Every structure is written in C-alpha cells, then in structure tokens.
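The data blocks that follow each hold one structure.
Below are two complexes that have chain A in common, paired first with chain B and then with chain C.
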Partner chain A sequence: MSNNQPFAILGNFTDVNVLFHAAEKTRDAGYQDFDIYTPYPVHGLDKAMGVKRTILPHISFWGGIVGLISAVLLMWWTGAVDYKLSIGGKPFFAVEFGMPVMFELTILLTALATFFALWGLCKLPRWYNELQHDAGFQRATDDQFVMAIFSTDQRFSTENTRKFLSEIGADDVRSVNSGAI
Partner chain B sequence: MSATTAAISDDMRHADGYSAASMSPNEEPFREPLILGNPTMHDISRKIIGIIESEVTFKYLATLAITATLAVWGIFCIGYTIATGIGVWGLNNPVAWGWDITNFVFWIGIGHAGTLISAILFLFRQKWRTAINRSAEAMTIFAVICALTMVVIHTGRPWFAYWLFPYPNQMLMWINFRSPLVWDVFAVNTYFTVSLLFWFTGLVPDFATARNMVKSVVAKKIYHFFSLGWTGSTRHWHVYEVAYMIFAAISTPLVLSVHSVVSFDFATSVIPGWHTTIFPPYFVAGAIFSGFAMVMTLLVIAREILGLKDFITLKHLDNMNKIILATGMMVGYAYSMELFVAWYSKNPYEWATFYNRLTGDYAWAYWTMVSCNVISPQIYWFKKLRRNIPVMFIISIFVNIGMWFERFTIISTSLHHDYLPASWGYYSPTWVEISIFIGTFGIFLTLFLLFAKFMPMIAIAEVKGVMPNAQPHHHEENH
Partner chain C sequence: MNPVKLTDTPFLKKLQMFSFALIGIGAIGTAVAFFTDAQRALAGYVVAFSYVFGLGVTGMFFSALQYAVRAGWSAAVRRIAELFAESIWLIIVGFLPIIFGMKQLFPWAWENPAQWTGGGEGYHGHSLHLIHEKQQDFLNPEFFYVRVVLYILIWVAMYFVIVRNSIKQDNLPNDFRGTRINLKRSAPFIILYALSTTFAGFDLLMSLETTWFSTMFGVYFFSGNFVATLSLVGIILAALQRGGYLKNYLRGEHFHDIGRLMFAFSIFFAYIAFSQYMLIWYSNIPEETEYFLKRINGGWEYFGYFTVFFHFVVPFFLLLRQDVKRKTGFIIVGGLIILTAHFIDLSWVVLPVFSKHLRFGYQEICTFSLMMGLFLFFVASGFRKYSAVAVNDPYIKESLEYSA
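And now, the complex of A and B:
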C-alpha cells in the first residue's frame, strides 16, 4: 500500500433507514470491499449490502452427522465387538438404548462445529484491527453505524469515495490510515 | 463527534418511539414497551457497562462475603465427604439415594429455565426475553456446575469419575451404554458444554461494547481478549445470527432431552413410583417451573439492587409468572395422573407406594410439595398479584421449596418402603448433607454475584435490536 493511500474511508450514520439505503446504494455503485459496523444486527442489512449467504449451516449439519456416526460406531464397537458384556440378556447393541447417546453426541458435535465455524468464518479472534483507534469507529459498538470502504476495493479512489460517502448520507467522513494511532 | 451524539440523542428523544404514531410497523402499538424511560442506545450501553464500572458497594461485598462463606463451608464438607467416604451421609439401605440425587435433579432443573428463555423463546420470537436471557443463561451454567458437583461426589469415589467416560484403558473395559446413568453423563456434559458455548457467543458483542467503554486499562485488556476482536461488522453479524439460530434450534431439543434422560435414571428402573412413562414430560415441566422460579427470585433482587427496573419491567415479570402458573398446573396434572394411574393399574406395589406417599412417613414432604407447587401459583390468575413484587418473590421461594420437595418425595418415598416390610426404613440427612446443599447455594450465588459485577448482565446488543426504530422500516414492509 502506498503511503498516500489511506486504509479505508469511514463515515458514520445515526439513522438506520438512511443507513439501509446507503448500503443498497453502495452495493449498486459496484463497491464490494466495504463493510458496515453496527451495534446490533440490523435486519436485512446483509442483503442490502449484497453479503452472500453463509455456509455455516452446512458445517453445523456435517458436525451433527459426524456426532451421530461417531456415537453409533462408539457404542457398537465397544459394546458388540471389543468388549461383549451380557447384562440381563440385553442385546450388545441396539438403536433403542443407543438413542440418548446418539442424540446427545449429535447435538454436541453440531454445537462445537457451529461455534468454531462461526469464529472461523468471521476470521476471529483477531485482536488487532486497523480501525480500532478511530474514536468514531468505536461508536459502532455503542450507538452509531459506521460504513467503511476499503482502499483494496477496485473502485476505490480517495476523493471519489469520500464524496460518495457524503452523498449517501454519512456524517464525519474521514480517511483512516493503516495503523493510525 | 459530540455534535452527532447530541443529534442522535435529541432525535431519539423527540421521536417518542413508544407512541403508536411513530412506531415502526413491526411493533404492536397496544403492547407495553419492553424498556421504560425512553433511553437512547447510548444510555443503554452506559447503564449496563456502568454496573461493571461502578464502585463496589459495602452491600455487595457483605452479600458476597456471606455467599462465599457458605460456599467455602460447603466445599469443606465436600472435602470431608471425599476424605471419609459417603458413610458420613445418612444414606443406607433401603434409601441409597437421598439429598445427593435430590440436589442433583433440583439444580439441573433450575438450569432449564435459562435454556428455555435463551432458546425456546428465541425461536418463538418473544422479544421480551432479551432483558432476562443473559442472566438466566448464566444461572443455567452455575446451576449445572452445582448439579455436576452433587453427582460427582455421590459416586463415592470421585477420583475415579473419569471412568464414566469411554476411553481406552489398561483394564480393556468399556462403559455400559445400556445404563441410563451413562446416558446421563452424556446428557449433562453436552448440556453444560452447549450452554457455555451459547452463552459465550451471546456475550462476545457485549464484551466488545465493554472493551470500548470501560476506563480501566486492565479491564479494557480483559474485555478486549474475550471480545475476540469483535467489531460489529455486518458480515460477521450475518454469520453470527445464523449461528445463534442454530444454537437456539439445537438447544431446544437438548433441554427437553436432558431432563428426560435424568428422569430415565428413575423411569427405567423397576421400582414402584419410579417406573412410569409420564416421567420425562413431567420432569421437563417441573424443571422449567423451578427454573423460572429461581430466575424470578434472583431477578427481583437484582433489578432492585442494580437499578435495572427500566429493563426488567413488570411486563417481564408478569410474563414469567404466567409461565410459572402454566408449568405449575402441568406438574399438578402430572401429580394427579401419576396417582390415578397407580390406582387404575391395580398393581398393589404401585398403589401401596402412592398411598404411602400421601399418608406415610413422608406425607409431610408430599403435602409441602403439593401446597407449594400446585396451590400457591394459583394466585397468579390475578393480574394484580402477578405484578406485585413481594408476592412474586414469596411465591418464587415457595416454588423453589416445593420443587426441591418434589424430587425428595420421588426419591425417598419410593425407596424407604422396599417390597418386604422387613426392609423398610426412614432416611434423614446428616449435617454433612445439609451443609453441602447449603454450600451449593453458596457456590451458585457467589458465581452469580461475580457475574453480575463483571459481565454485561443484560444482553446489550439484543436489547438495542428490539428497541423501537432500531430496525429499518421499509424492510419490514417488504416481508
């Protein structure tokens, strides 16, 4: 990154309706490498931004399948293959008595898959953020919405992007340099 | 920056988001507001983070000292039990399960309200849950810690507790998956793990708010660490919301399964009074009932002391009391159905057990249970009483007592009269068992007090999301 190119251009919003339209306009203007930081999930904003559907449910599903299969294999192999122990003439393996453990391991592995996939897909934990020292940016966990258009975007140009952000209703439009303190 | 702050504050105050006219279309105008006092979003963050930042009061320290003392005393008695053996308890033949398993089932049940509020009410789109879900989930985790403590020490040799897990060992043995006690190990551990992950996931955005707001450098570092570097990016929220939905969707059957599996510990045995098919739903309803009562007990105190009356409003408490009334009647139905089936079955042992429950040595426990669980919540038919703080506090205590006695009744009345009158007996606990039970309350309350001081006690991001005008208007119309 050259020195005169900022890391991103930021603008703050206070009205969620203005923000929503701004997101659509940014998407329609062809920007791709931009983000909106909000204190709470705003319904439909992801769609307005053109965010693709996450693959998380697929990961969770396969986590559950792995849990289910491992439960069956565990109970079948330990009980009916490796260590046959006759208790009251009950079968060494059966779905009936296996149901609770099959269910619990399915849930457990779904939860673990969901949890780790969530942070993996968000690329978190990431304890350093280029924008973190910007006072206006910190309002995004409090009461304002912050839009950032990154200089890595194809259409990015410091001047035009600044103008664009002001036009779509952002306040306090500013450039933030990478690692600015 | 300050100019924009003023602008947003003014804008929100003048908007008067609670009047029908300016309400966003997804808000029903005839409903009571979820948050009182028209706070701005900044007010909400400030208020919740303010609890973390506020000076530690004498009252808080005094309470903490009491609960910590109880916890230490309980832990001492646990140590005494482990060092000496469970002979220090009052258990013997025929009553081989007593306060240990009563407390285990009691604490697991307490936890269920947290999951119900965080998962089931989420799936039902009950917005009022946002003010109470965080503390209820915390309660779940602390209650399950107490339950795990009880069940581990009741094994007698807890240093071998890892034998409960299937792992390759030099004895070349595996655990017996046909045993409901093994199912219980899987159910409770899964429940604890999933609850913890769900709770932590919910906390991350609020840790980020805390990170950006707290003044203390050390606190900032700690919250920064636990926030995982959360920024509030919409690309992250997108994944986060899906994950939250999946967590809610899997926690719902999980919570139902956990208490069902706990009830299997009894129901799959052939002991009269335990061997009934009604147990799983009956236990689940009872768990939710007792859990809500505990949430009520804690929240009534917490909203008073921490000044959260605008967040945890009478509407929230009213809703919870309605659930207490409903689940109270479900357990009442279960009690009568159990009794009816015992009579209708014409099984002499079954009927003898139930007749003994009503009139025998433990009749006092049975009738305590019925009066606390079935009769006392009936006053919640009256809205005035549902919204009366002292009344709901007392009833919640009653329900806690009643639900503890329910488990005690089920366990001791079924065991103390064996098939042969020669092997009948009477069980009463020793001071060690009583101390351990009190100690679990100490552990539970100490953890809850620490939570209330150091973590965002109300889900800040979720509360903001259900505020009037928090969501874009036209988007809702598009639906």
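And now, the complex of A and C:
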C-alpha cells in the first residue's frame, strides 16, 4: 500500500455536454491514464478522450490468416500425405473441396482470436475493482457519468488532479484508495 | 430543408457528356457489330441489358430495403439509388431486342432446339432433346412473353410506389404520407423483386444454356447486381462529395457504411458463386458440368480468374481497413473494380454459349457502352429534375447526426 497515494481520483458529471468538454480538456492537459464510465454508450466520447484505436482488428486478421493456413495444411497433409484414400475418384487434395474447411477454420480462428484478444485487452476476467465500492461510482450504472484519473498517470498529483477535476466541472471530487473496503 | 438540385452544375454536365460519349461510341460500334454478326451483337446485348436492368431494378430494391428496415443512416444516400430507377423506360424498351432476337439467342425458342445455330458444331449436349421436352411447359415463347410482361408490371409498380412516393416528398415539408405508404409497401415489393429478378435471371441468362440448370442462379445474379449497385451508388456519392455538392449531408460515416456493404456483398457474391461451382464440381454429373467445362476452357478461364480476383480478392483486401472505407478515393477505385468485374462476370456467363473459344472484342464492349451510356443519361436526367437528397424524409436528421 503506497502511503498517501490514492488509487484514483473520481468526479461525477450530470450533463453529457459538460462531460464532453471535460474529456477534451483532460486529453489536452496531457492525462493519458484516465477513464470515463457512462450508463449508456456516448458516441464520439472516445475521440474526445483521445483514446487510441484498438489493435483488435489486426489480431483478428492474423487469427484468420493462421486459420486459413492451418486448414490448407490440415486438408493437404491428412488427405494427400499421411493417409491417402481414393473417394469417388476425387483428387487427394484440391482447393475445390478444401474451400469449405478453409472458410470455416478461417472464421473460427478469427472469432476465437477476436474473443480472447478482447478479453486480454479489457484485462478480463477481473474479480475485483478498486472503484466498485464507491457509492458515487455506482451512479455510473444509473444516471451519472464518472471520470476517474488513475494515480498511475505520469501527470498525477493528488492536489492538482483534484483541483483540475473540479475546474473542468466535476461534482463530488473524491479519492479512492486501493484495497479500501 | 431545400431540395438539392444539381441542375446546371459541372457535375451534371460532365455526367451528361460522359453518357453522350458512351452512347455515341456504343451506337456506332453496335450498328457495325449488328450488321456483321447479328447473333454476336445480340449476345453482347444480353450482357449489357442484364447489367443495366440489374442496376436499375436493384436501385429500387435498395430503397425498399431501407424503408423495410426503417434505416436511419441511409436517408441521405438513398436517393442516388432511387434515381437509377429513372432508367425504367429504358428497361421496358430494352426487352424488345431480346424478344425480336429470340430465335438467335435461345435454343428453346425453336420447335426443334437442334435447329438453333450457335456455339459451333455439336455444341449442346446430346441430352438436349430429352431435357427440352420436359422444359417445354416453362421455356416456350408464349410463356416467355407473359413473364416479361409480369416483370415489367412489377418493376413499373415498384417505381411508381417506392421511388415516386420518395421523390414527391421533396417539395412537401412535414408531410409524411409518402413515407407511411412506403413503410407498408416496401416489404411486399422486396418479395416481388426477389421473384422477378430471380426469374429474369433464369430467363435471360440461365436459359441460354438450355440443358443446364442451377437453383443457385437467382441469388448468384442478385448478389452480383447488388454489389454493383452499391458500388455505383458509392462512386456517385464520392464524386458528389468531392465536388462539394453534398457537404451538408454526407460525412465519413456514410462512406464507411457504403464501403462496408460493398465489402460484405463482394464476399457474399464469392460465397454464392463458389457454392454453385463446388456442388457441380463435386457431384460431377455431365449435364451440370457442361456449363463449367465451357467456361474453364478455350480461353474463357481467364474471365473466371478475373472474376475471382477482381470481384472478390482485390475488393476484399482493398476495403478491409476501417479508415480506407471513409476515403472517397478508395470508394471510387473499389467501386470501379467491382463494376468492371461484374461486367466480366456476366460476359463469362453469357458469351461462352455462343463461342467455344475466347471471343471478346469491340462488339461486346460497344453494346455495353451503348446501354451504360443510355442508363447514365436517364440517371443524369433524374439528377436534373429531382433533388439529390431525400431532404424531407423523416429520417434525414438521424442520417445527418448518426455515427457508426
């Protein structure tokens, strides 16, 4: 437990327009390690926050390529190398009948890569979150927007960040300690 | 909001000049082709006409689809597809050459199909006679006329309900009667569209190869039409956006959506085309393989390879990235590639019926140029008369503000 350093500083917003400008100001102030929790999807907020585009599509793409290659190898090696069976005079390996398997395995590995990469990128599964016992934070599932600036951010300092959050229009600015129950 | 009229804009002038140029070149070439080899010119005409009526009718389907699913995003782009249907009169008249040239085109138009001349010696399978007897109830000239009249009736009705109601609204702010009618009528018209284009595809394209049949053919024809229509919508939207005519209506989001649809339906086309091919390859029955045997021999295989690459592989990798779909330049390039590939694909379906060996020259290109020029002329006249955006559509505000 680091002394005096809280886990994060939280502030609540009630107006989505104020939240938008607050997100832009936080981004422009140079904060990077901060997050906003909203009860519903707010379009364009990721841009206002300066969130970088996810690398998830690239993982999906390479998952698909791996699936395609493994399907070709599977069909070719089992049919034409390891255990040759002549069925209806068909060739041992051909793209024509290999295609359904290639298609399916491409899709399957794309889906699996996407699914597990998403879990990894979202740091799931996660059984405990430091913010979850904060009463104000729970409003983020109801009628308010919550901004959290984490102490891991380079620009973080308890005093200044508190002041900054109040300036950009947050109500009820408060610290949350890690492991505090 | 005020209608966006493009009358007297450089865009419209360019479009008209382009269509006149296509018509001019096409008309001369088609006339020469017709007087040297009428059958060959008619074969090229079937390709060109199928292409053009596919675009025109599928434009109406696109609009009906947007109504049926209550789509918000498409209100700003829907009108472009609706204006494709301005070619409805061209489509109606366009059936005439096929009806007059029926004996040249279709073996089933003859009392005894062996009398049909085309494709060279012993070209149709020996089973032609047997199959022809069983098909006579469906494939005979009289019933063909009835079906053509039915298609025309369906498409004209679709034009007057879906397209006209949408256009009428442009000058009637806060009057949503047209939209209400279209919301109700769009779903039945989608069913009628599906039936009419499927059977038109059977009649105009599949019945050329009288002894061959594929239950996939209708959806094969549809998937090609739909992706071509989306591509042309995308190209025209991108050109309008680059000219700055629709600055207040279009954003990257709309191009993203059009690009996604082009991407998705080029995959869909590949899926359908391959499904048809693989089942025939695997079962290996003579009356089915005859179709592909002609098309993977004698030089026609290059048309097949072209289709595989430019109807699927190239658009797939070109339009895969998210940021690319938002750029008008990529939409134009991708659209032109798909439109070209669709022409090559239809040629690959039709032309091998009439020639064992690769035969593709000014005749085919000129008939296509003529029909495409006429089509663009009608689209341009639509732009001259009507607004380029459905400005009083109740969904237009949603379309301007939505984000994907």
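Criterion: the second predicted complex is superposed on the first by the 177 of 181 C-alpha atoms of A that agree within 3 Å, B and C clash if a C-alpha of one lies under 4 Å from a C-alpha of the other, contacts with A are read in each partner's own complex, and residues count from 1 in each chain.
Note that contacts are C-beta pairs under 8 Å (C-beta built on N, C-alpha and C of every residue); 3 or more make two chains touch, one makes a residue touch a chain.
Since we're looking at a predicted model, the values are computed, not measured.
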Worksheet item: In the superposed arrangement, does A:T152 touch chain B (first), chain C (second), both or neither?
Response: neither
Discussion item. Let me test your reading of the model: by the given contact rule, A:N160 touches which partner, first (chain B), second (chain C), both or neither?
Written reply: neither
Practice prompt. May I ask you to decide whether A:S178 touches chain B, chain C, both, or neither, giving the answer as first, second, both or neither?
Written response: neither
Practice prompt. Answer with first, second, both or neither: which of chain B and chain C does A:L108 touch in the superposed model?
Written response: first
Worksheet item: In the superposed arrangement, does A:G44 touch chain B (first), chain C (second), both or neither?
Response: both
Worksheet entry | Residues of chain A at both interfaces, chain B in one complex, chain C in the other | 43-44, 57, 90, 97, 100
Discussion item. Quick check on the complex: what are the chain A residues that touch chain B?
Written reply: 12, 14-17, 19-20, 23, 35-46, 48-49, 51, 54, 56-57, 60, 64, 74-75, 78-79, 82-83, 85, 87, 90, 97-98, 100-101, 103-105, 107-108, 110-112, 114-115, 117-119, 121-122, 124-129, 131-132, 135-144, 171-172
Response to the item:
Per the touch rule above, chain B residues touching chain A in the complex are 1, 4-5, 7-8, 11, 40-42, 45, 166, 172-178, 180, 182-183, 186-187, 189-190, 193-194, 197-198, 201, 205, 208-209, 211-213, 224-225, 228-243, 246-247, 250, 253-254, 257, 261, 264, 460-462, 464-465, 469-476, 478
Item to complete: Going by the contact rule at the top, pick out the chain A residues touching chain C in the complex.
Response: 43-44, 53, 57, 61, 88, 90, 96-97, 99-100
Worksheet entry | Contact set on chain C toward chain A in their complex | 274, 277-278, 281-282, 284, 320-322, 403
